[in-house]
Amino acid sequence: MLIVLDHQASEDEIDGVFAVARAHGLEVHRSDGTEHSILGLVGDCHSLSPQRFAGLPGVREVLRLSTPYRLACRAFHPEPSLVAVGDVTVGGPEVVLIAGPCAVESEEQIEAAATAVAAAGGRILRGGVFKPRTSPHEFRGLGEPGLRMLRGAADRHGLAVCTEVLGVEQIAAVSAYADLLQVGARNMQNFPLLDALGHASRPVLLKRGLSATIAEWLAAADYVLAAGNPHVILCERGIRTFETATRNTLDLSAVPVVKGLSHLPVVVDPSHAAGHRKLVPSLARAAVAVGADGLLVEIHPDPDHALSDGPQSLTAEEFAATANRCRMIAAALGRPLGGCHV
Amino acid sequence: MLIVLDHQASEDEIDGVFAVARAHGLEVHRSDGTEHSILGLVGDCHSLSPQRFAGLPGVREVLRLSTPYRLACRAFHPEPSLVAVGDVTVGGPEVVLIAGPCAVESEEQIEAAATAVAAAGGRILRGGVFKPRTSPHEFRGLGEPGLRMLRGAADRHGLAVCTEVLGVEQIAAVSAYADLLQVGARNMQNFPLLDALGHASRPVLLKRGLSATIAEWLAAADYVLAAGNPHVILCERGIRTFETATRNTLDLSAVPVVKGLSHLPVVVDPSHAAGHRKLVPSLARAAVAVGADGLLVEIHPDPDHALSDGPQSLTAEEFAATANRCRMIAAALGRPLGGCHV
Amino acid sequence: MLIVLDHQASEDEIDGVFAVARAHGLEVHRSDGTEHSILGLVGDCHSLSPQRFAGLPGVREVLRLSTPYRLACRAFHPEPSLVAVGDVTVGGPEVVLIAGPCAVESEEQIEAAATAVAAAGGRILRGGVFKPRTSPHEFRGLGEPGLRMLRGAADRHGLAVCTEVLGVEQIAAVSAYADLLQVGARNMQNFPLLDALGHASRPVLLKRGLSATIAEWLAAADYVLAAGNPHVILCERGIRTFETATRNTLDLSAVPVVKGLSHLPVVVDPSHAAGHRKLVPSLARAAVAVGADGLLVEIHPDPDHALSDGPQSLTAEEFAATANRCRMIAAALGRPLGGCHV
Amino acid sequence: MLIVLDHQASEDEIDGVFAVARAHGLEVHRSDGTEHSILGLVGDCHSLSPQRFAGLPGVREVLRLSTPYRLACRAFHPEPSLVAVGDVTVGGPEVVLIAGPCAVESEEQIEAAATAVAAAGGRILRGGVFKPRTSPHEFRGLGEPGLRMLRGAADRHGLAVCTEVLGVEQIAAVSAYADLLQVGARNMQNFPLLDALGHASRPVLLKRGLSATIAEWLAAADYVLAAGNPHVILCERGIRTFETATRNTLDLSAVPVVKGLSHLPVVVDPSHAAGHRKLVPSLARAAVAVGADGLLVEIHPDPDHALSDGPQSLTAEEFAATANRCRMIAAALGRPLGGCHV
């Protein structure tokens, strides 16, 4: 960590900063410039928040050189991580298609969805059975029966299964049916849940929080990695901004930024960010072009009668057409999509 | 809910919207204007997200007239709610001072803090024993031993106790020691936790999420209320914006806005929003002036050696001076602060 | 405009709203629902801000059905607008490449840049001669001599010229040399400048303001259109959000959203949004994939010695490689790029 | 400026950074830590953007120690600046009340407004005669005749005059009638306008841009100061965030932050931020409590018939009551308001 001192900082104030640093077992190197003096803290700063120093008397700015994450960092693991989900590999050359309805509603609905996903070259079937809801008065999902329907449909079509866990108490049940455990945006900093997923037997899909910086997102991944589960896939799904024309603002820049900082695979969910079906195909294409390792797309055999998020779901036909366009773009980047080349 | 149709919407598209609405048991009233036709949905829309209609073919905009919350709404409960925390009442004329260290560190530290809180007219002692941490590599709190220290110090000084619960599994243990259960900003939409707190025997302090709208915040309160616990206090603690001069941007407008929409008490935490000790006194004064029902302030007997958030903590002296200023401002509004008039 | 009344609105309050509406020459239609009454205002509301009614006693919400823009709207002009810049057409099938240095620095530099732009299939040479600077202490551009250098280099390579105007007083001089007049993000709501550009003889490239909603951006375009200049190209260049990993957050969703609302062409500037050279190629690809009509890319023959924005500028080699990738992606969408098919 | 190098930075890359720095006449001091090497640039960095180095190969982060502003900085001018507006002093002990209608509409309206302002202890009459409008289809103000009405009403009541200038061409005309020239939020980075105001004979009220950081705001003030006009008053009026319950989010933390960084006076405009009359009194109280040097409040003798922003304007009675409450709060801080003590 680097500490920049006020140019009026007194020697007593500087001694105070030294004291705090040493109390944390750090060495301090001081260098005096023309306008400012700088203190360099040497030692293990990972466990220390810059807030620890910001605002100490005489301190002007604190620059954290060590990131709040360690295990998710490229420096720690220079090669890209490959995450196996069932028999699919995420993070390799293939652009992996993950698709399905927002919520599992019935045997018929999930069977129709699985048929559409497989037909378009999808590899992983997603569907919610425990739904987080902004309002307690909305539909909250089918629970365990939904898990059985989801698994059955996936198996009949050779797909892996991805679904969300809302709490620690659901991990065991969901792990019995799913190949990939999704952590929703609202839970990105639910630390007891991340800890518990670090002990789970399944890979984790970690959605970015609506107002999470990329550094906080990678630090959240560190929770899972630190607890012993190295299989984490990151998912960009839009951040909250002032713009209301879309439900959230899809931050596609995050894909190349994360690729530079971390070894973890990154997929993109264009459906939740957009909130409108008609925006999904173009955003899906852009996500492949920007370098995402996969797409998480909401589809529904009959969007107009979906129990949730229908309006942002693609029909089977729209999904197939979108997958084909994305396949051509992936080909321009030398990557197969949905398991097959153009 | 009101649905505004595109002015090119076809009759088939309009029939589609009627179908969705009726599938949810709603009546539809249509009125055709010069530029647009509007559909008014009549019936119980609380359980329906506007997303259900946004993006249906032919739909231009959806206006939710029914809020995503019901029980937190003034229309449901016109009188302000009074929440009893130990023998203190939050939401009445008194501006209630809640203060203490970010984290309980030792018997000595919490005893010194409790002394300072009581001396300045504080009524509730706060201190973290389970700490949410952005990075898994930081100090996570003392756990249950910390709870005992907190309770002991509070009892010796006639204070009530407020502390954070991170997960469902901690509620019972924390309820055994604390009078007020805090839900942190990161957990504002941790729905299983909110549900469980709805069955708890203690009032809940619900912090606003970093990127939560006021409507989402009140809907989160509805989770607790809907599960049977009517004792909820809201806490504004800063939202995430582009400005980096402060850790977060304290949204003091939220206080009068919430007072207009809801019957629940609102307190303000100037410490986490500011992130710098020197900003806390002025923001605390502003919070009282804007009409907050209380303040949640971080103090520390020795901020420079605090294990967390030291730099935003006030010393005992700074806290006493701030409390006095706030007392004079409260008096200008005809409210006592810290139990005593000026 | 639709006005939703509080369900406790008194008849006097409702009469007050009627009075304001009639004072603006509008007819009012009232319809009473179970929870709320709604007033529909019929007549020309374009000249009326929703703020005019929001906050009137008894008013709960105001929904503007008429947009703050009229001329930029698809309803006004259903066919996409084609904007001629020199002999290049923007808004047609071709994805148009606009590139050049942030600032014109010397004959040699702009000649080298023009060579690189033409070689990669670029059609328009951009370069700043009047530079907006956050700090008055930074380099502010070469002024008119720079315009001559820019025009000369463009002519030698068969390119059109795009450059920024900072104020009304520069329009005439810049129009004498440039084919396309750029309005920077900071000037998006500089209304006297927009008015004056509405009387200019050149097309206008209107960059989106850092915190402008899409509706405000289109309303700004309406200023130019309303003053008589129909030749406006929109340019998405990133919005300001809480994320600091990139200089701004490129809002690629804005491209399909604008295409749905407006007939004006939209190009994307990935360089200013990213702020880092290494992010530009992937964001340029994404912009083409999402459906942009062109790209505005910063290049520099020798970025490490650029007087401004060097670090976000591509070298000639990087630009050529990026153009080739973008050409393949455009081809996947059936569009030529830089005048030639793959 | 401090440059933190990637820990894999090659010596060639480091030489590249040295070269750029020296090309700008800076000395470079290198210090190698365990994880990172740091380069300290010594010399005049004010004219250099951190972007100049960010993204150079081998560079991890750039920390600007010298701010983008110099003249607005406390280090440059340790004593608070006092700005004389007519015979009123802004920045001294008095909390100065500035009030008036959004737009001057008629002799009667401005006379009634001036009467109300003077009666409540206001010192400066504000009113718009050139109105910036998001849409070109809205009312744009009375122009010069409005200036005469404004001056006349102010003189009859012993008030100074504040009004907005939209462009360079208006400065002379407005200076002939007004004592204080307002720069609106949308023009905060209209650099030619700021330059010209630096040569004006009147003090300048500089509103903060909707998405301007505090550092950018102070750098904008530097434009005026650098051109020779030392009389600048800053005005916080709300920033753009995701929250839509208020028109903008009033950033009251900005007041103490600016007081710490700069010697310039800061006033607060609660009316534009709130967008709703009923929020203005509480936000005005909070602004005084947080330490603002003055308030800019919209009032209207007949808000329901105002041609613009009526709903956020206070009536004469509401304004008088608000002024009295603010006077009591100012007294608690030892400051007179509106020229008189409680």
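Labels A, B, C and D are assigned to the chains in the order they are written; within every chain, residues are numbered from 1.
Operating definition for what follows: a contact is a pair of C-beta atoms (placed from the backbone, for glycine too) under 8 Å apart; a residue touches a chain by one contact, two chains touch by 3 or more.
Keep in mind that this is a model prediction, so the values were computed, not measured.
> Figure out the least number of contact steps between chain A and chain D, where 1 means they touch directly.
1
> Would you identify the chain whose Cα-based centre sits farthest away from the centre of chain C?
It is B.
> Please report how many Å separate the Cα centroid of chain B from that of chain C, as a whole number.
39
> Roughly how far is chain A from chain C, centre to centre by C-alpha average, rounded to an integer in Å?
Between these chains, centre-to-centre, one finds 31 Å.
> Would you kindly tell me how far, in whole Å, the mean C-alpha position of chain D lies from that of chain C?
26
> Where in chain D do residues touch at least two different other chains?
Correct list: 211, 240-242, 244, 278.
> Give the list of chain A residues in touch with chain C in this complex.
211, 213-215, 239, 241-246, 249-257, 260, 273-274, 278-279, 282-283, 285-291, 325, 328-329, 331-333
> Contact residues on chain C for chain B in the complex?
Touch residues, chain C against chain B: 2, 4, 7, 29, 31, 33-36, 38, 40, 42, 60-61, 63, 65-66, 75, 240-242, 244.
> Within their complex, state which residues of chain D touch chain C.
Listed in rising order, the residues of chain D that touch chain C are 16, 19-20, 23, 46-49, 51-56, 68-70, 132-139, 166-169, 186-187, 189-193, 195, 209-211, 216, 219, 222-223, 226-227, 240, 247, 275-278, 304-305, 308-312.
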